[in-house]
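Shared between the two complexes below is chain A, which has chain B as its partner in the first and chain C in the second.
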Partner chain A sequence: MNVYVCVGSSCHLKGSYKIIELMKENIEKNNLEDKVSLSAAFCLGKCTTGVTIKVDDEIVCGVSPENFSEIFRKYIIERV
Partner chain B sequence: MKGMIYVMMFDTSVQELKYKVLREVAKLAFDDRLEEGMLDIAKIIVPGPQPTMRCCIYKERAIVNERVKFAMNQGKTNNVIEVLPIACDECPVDGIQVSQACRGCIAHRCMNACPKDAIRIVDHKAVIDKTKCVECGRCLAACPYSAIVKNERPCVRACKPKAISIDENRCAKIDDEKCIACGACVYQCPFGAISDKSYILDTIDIIKNSDGNKSYNVHAVVAPSISGQFAVPLGKVVSGLKQLGFRSVMEAALGADMVAYKEASELVEKGFLTSSCCPAFVRYIETQFPEMKDKISHNLSPMAEIAKYMKKHEPNCKIVFIGPCTAKKMEAKKESVSPYIDNVITFEELQALFDARGISLEALENQPLDNASYFGRIFARSGGLADAVAQALKEMEIPDEVFKLNAVSCDGIDNCRTALLKAQKGVGTENFIEGMACIDGCIGGAACLTHGPKDRLAVDRYGKEAAEKTIRDSIYVLEL
Partner chain C sequence: MNNLCTDIGFNSINKKGEQLCGDHVEIVEQNENSFVLVLADGLGSGVKACILSTLTSKIISTMMANNLSIEDCVATIAATLPVCEKRGIAYSTFTIIRINNNSEAEIIQYDNPHVIMLRGGMNYEYPRTGMDIEGKTIYKSKLQLEKNDVFIAMSDGAIYAGVGKTLNFGWQRDSIIDFMVGNYDKKMSAKGISQLLLDECNTLYGGEPGDDTTIAAIKIRQRIPMNLMIGPPSNPGDLKKMQTLFFAKEGKHIVCGGTTSKLAAEYLGKPVVPCLDYIDPEIPPIAKIEGVDLVTEGVVTMTKVLEYANEYLDGTISISDLSIRKDGASRIAQLLFEEATDISFYVGRAINPAHQNPKLPINFNIKMQLIDEISRKLKEMGKNINVSYF
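Right, the complex of A and B next:
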């Protein structure tokens, strides 16, 4: 599975760094290093609230430290 | 229109003419009408019946037609800088002359200063024997009335690597082996007879073929010197770029942050380096100081560094670098850079693309541009790179006993030459030469829309606006 975290200007200002940290932390915690490849994206064209990520071909907007666990479970753990 | 004041967005009318040609070529290319319309461009730009720049409208139009070719990257050489022979006014090349201001004084300082005994006093006035004169200029400096002048072609004077000579038809000629593509002659020729060739057609193709960023993403990487270039806030330029067809806009300054760290590590390891950010400076060393080639930093430039990172994460994307620099067009052809950079255009060319598409920046919303730190952003001006390397060493906690930075920042090839000569001879204590071919650094770039003291202030202000205060904060993306 390919997961992209947007590091474009909007998302960067809304906290891409925190989301990348959480991603790495959770991928490791769930032993998904072999199954999930984490990359950067350069603007996914959805500059709304929160950080935008892309899970394979699906774009997920508004990721924040608050909703991260839920999004990680729904889009990553349940799909790998 | 009555009451409207026309504000020129360029320093000179030569730049404006170049811009108009680019704009008309771009308009036609966007509409797929270039082949049928290119011959009409001259009449659009020179409507007549009165000439405004040259002897007659036919010469003006002939020059425009040659410029159209350059706008389409159709020149006779592979060098990105080329002479437009028809536009060259064959300026006089008399060299050192005694002017009417000679007062016929009795001190004759000019005669005493001449090391070649080339000055005699005839009827109380100084006369130069051209067979003896070596153009050293000492008489110029000696005359208290500034009565001795040096008639030098602006292109020859601008070209510090001495790549420009005069051919048998008195037209300027570029030695492509010596040319470092800095563009100084392009900006300095008062007749616009030397120009950089343009890759805007490639940019337009890349944008069109992306099918609205559906078949691949097109990303713009903008040089930090962009901060002072457009009369609107930078956020509106970001919006304009997206309207033009770019998916995202990234700061080359983030590449500069990456370079600062790598340069600092390489410095600690090797003990002495010359910077590799400015392609014209790198080429100057390669051609004029070949024995110092191994001292050039092995790092990619910020442009190439950020693009390499982006291509790693998105291999099928296309990247267009937008900057103030003609030499970047040459750099992009290098084997070490071409896999990452698909195209290079300048601020002049970007303005032409905006206007070809009728994009009015004032009306657009402000979008954020924030990828880099203060230090990456100030690379745009002389001294910025050295500051960033000092900061990187500090952040990396390199103690002075291990490596103590002693940098010299040189802007303009004359200053670079002095520093290189010193280093070559082993005199001087500097261990890092930051070299920028243009005066003031990139903000003095040949393809800037404007050049002035405000640009340095704009860069510093833009630097301070960065959300990230340290380099480490901005290069977290490398952890991916």
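Right, the complex of A and C next:
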């Protein structure tokens, strides 16, 4: 599974750094290193509703530290 | 016109307890390739010295730039400078370096420590002819320039560094030459050279300078062009033209902005590979495109570059501070502040609709102002700047 976190200007200002840290942490915690490939992406075109991530071909907007665990479970854990 | 250009940098420290510097450096450009630099050291310190050195350097540089003879300059200064009440003399020492068409240097010195010249990283003793003007002995030299020649002019604060503290007799000119030869780095800018020497003087003084100390460095460099593209054109039909012009230019290529780099990658037929490393949490990660020397995010990174430019100019950070950092803004800063001599900006004026959101601290006007500001700071660093809008 390929997961991309947008690091474009808007998403960066809305906290991409924090989301990448959380992603790395949670992938490790759930032993998903072999199954999930994490990368950064330049602008995914959803600037007003960042932080935006892309899970394979699906775009997920509005990711924040608050809803992170829910999103991580729904889009990543349940799908791998 | 040849392929050489001149890089100038100077810095001063004040005598302990003084708010004004008694040394003054004045540069007058005659044209793009010719200028006159004057370093003057006024008698005494504080306000009086400051007035003497400012008058001396302003008068000489203006007169020399208008092709008046050195004899006339000296006579004018002697007649103009206010006479010191305590000492009964009007006095300011000076060093003049005049560069003609980036091919010839003329050095005229009066009572300052003699200019140190490095050629190929080694000390080069240039011929000096003494002459007497109004009872003062003035040394004149004329020589042809070569690539990487370095001229270092200084006020006597440099050779008095450490007197009675770390060194008994101060820092002799020969020892300064050894220090500069030992620390010679072909890539170092004029500003880097002057800062290096001045820092060493300050250290020898134990951070409490006994005299105003000024170092002015001139470095003859080969022109190094650099190109930076930011933003897509306001008219999408101009995209091809903008990209063709940009990539056809000689020198390194920097691409800033998410959309801009995507378009550049399409033009080159290569993928954009963003890096995941957030080296500095404040600065978005860089990306890679084969055929582009550096790919970064746009506005946030450039805002940081402007911040670095301000800090670099006021001496809070040095090029070595920037070179150890690997984030996008520090990399751009290094390429623009240190490596480049001629910088061309390709600025696209398309408005990113996603950025026109009142909740976001970035908008179109900020982006345009940013480039203006950065160009101005780079000009202050002595770079040739060319900005094209699309």
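Following the convention adopted for this analysis, the second predicted complex is superposed on the first by the 79 of 80 C-alpha atoms of A that agree within 3 Å, B and C clash if a C-alpha of one lies under 4 Å from a C-alpha of the other, contacts with A are read in each partner's own complex, and residues count from 1 in each chain.
By our rule, contacts are C-beta pairs under 8 Å (C-beta built on N, C-alpha and C of every residue); 3 or more make two chains touch, one makes a residue touch a chain.
Because the structure is predicted, anything quoted here is derived from the model rather than measured.
Q: For the three-chain model obtained by superposing on chain A, do chain B and chain C clash or fit?
A: Verdict on chain A: clash between chain B and chain C.
Q: Give one of first, second, both or neither to describe whether A:Ile77 is in contact with chain B, with chain C, with both, or with none.
A: Touch partners of A:Ile77: none, neither chain B nor chain C.
Q: Which partner does A:Thr48 reach: the first (chain B), the second (chain C), both, or neither?
A: second
Q: So, A:Ile20: does it touch chain B (first), chain C (second), both, or neither?
A: So A:Ile20 meets both chain B and chain C here.
Q: Return first, second, both or neither, reflecting whether A:Leu38 touches chain B, chain C, both chains, or no partner chain.
A: A:Leu38: touches chain B and chain C.
Q: Once the structures are superposed on A, label A:Val7 by its partner contacts, choosing first (chain B), second (chain C), both or neither.
A: both
Q: After fitting the two complexes on their shared chain A, where does chain C collide with chain B, if the options are 115-123, 133-141 or 169-177?
A: 115-123
Q: From the superposed pair, tell me which chain A residues show up as contacts to chain B and also as contacts to chain C.
A: 5, 7-10, 12-13, 16-17, 20, 38-43, 45, 47
Q: Using the touch definition from the top, list the residues of chain A that touch chain C in their complex.
A: Going through chain A, the ones touching chain C are 5, 7-10, 12-13, 16-17, 20-21, 38-43, 45-48.
Q: Give the list of chain C residues in touch with chain A in this complex.
A: These residues of chain C touch chain A: 257-259, 261-262, 272, 274-276, 278, 281, 284-285, 287, 297-300, 352, 354-355, 357, 359-362.
Q: Show which residues of chain A lie in contact with chain B when the two form their complex.
A: Answer in residue numbers: 4-5, 7-10, 12-13, 16-17, 20, 24, 38-43, 45, 47.
Q: Okay, in this complex, where on chain B does chain A touch?
A: Those in contact with chain A are residues 213, 217, 219, 238, 247-250, 309-310, 313-314, 317, 367-371, 467, 473, 476-477, 479-480.
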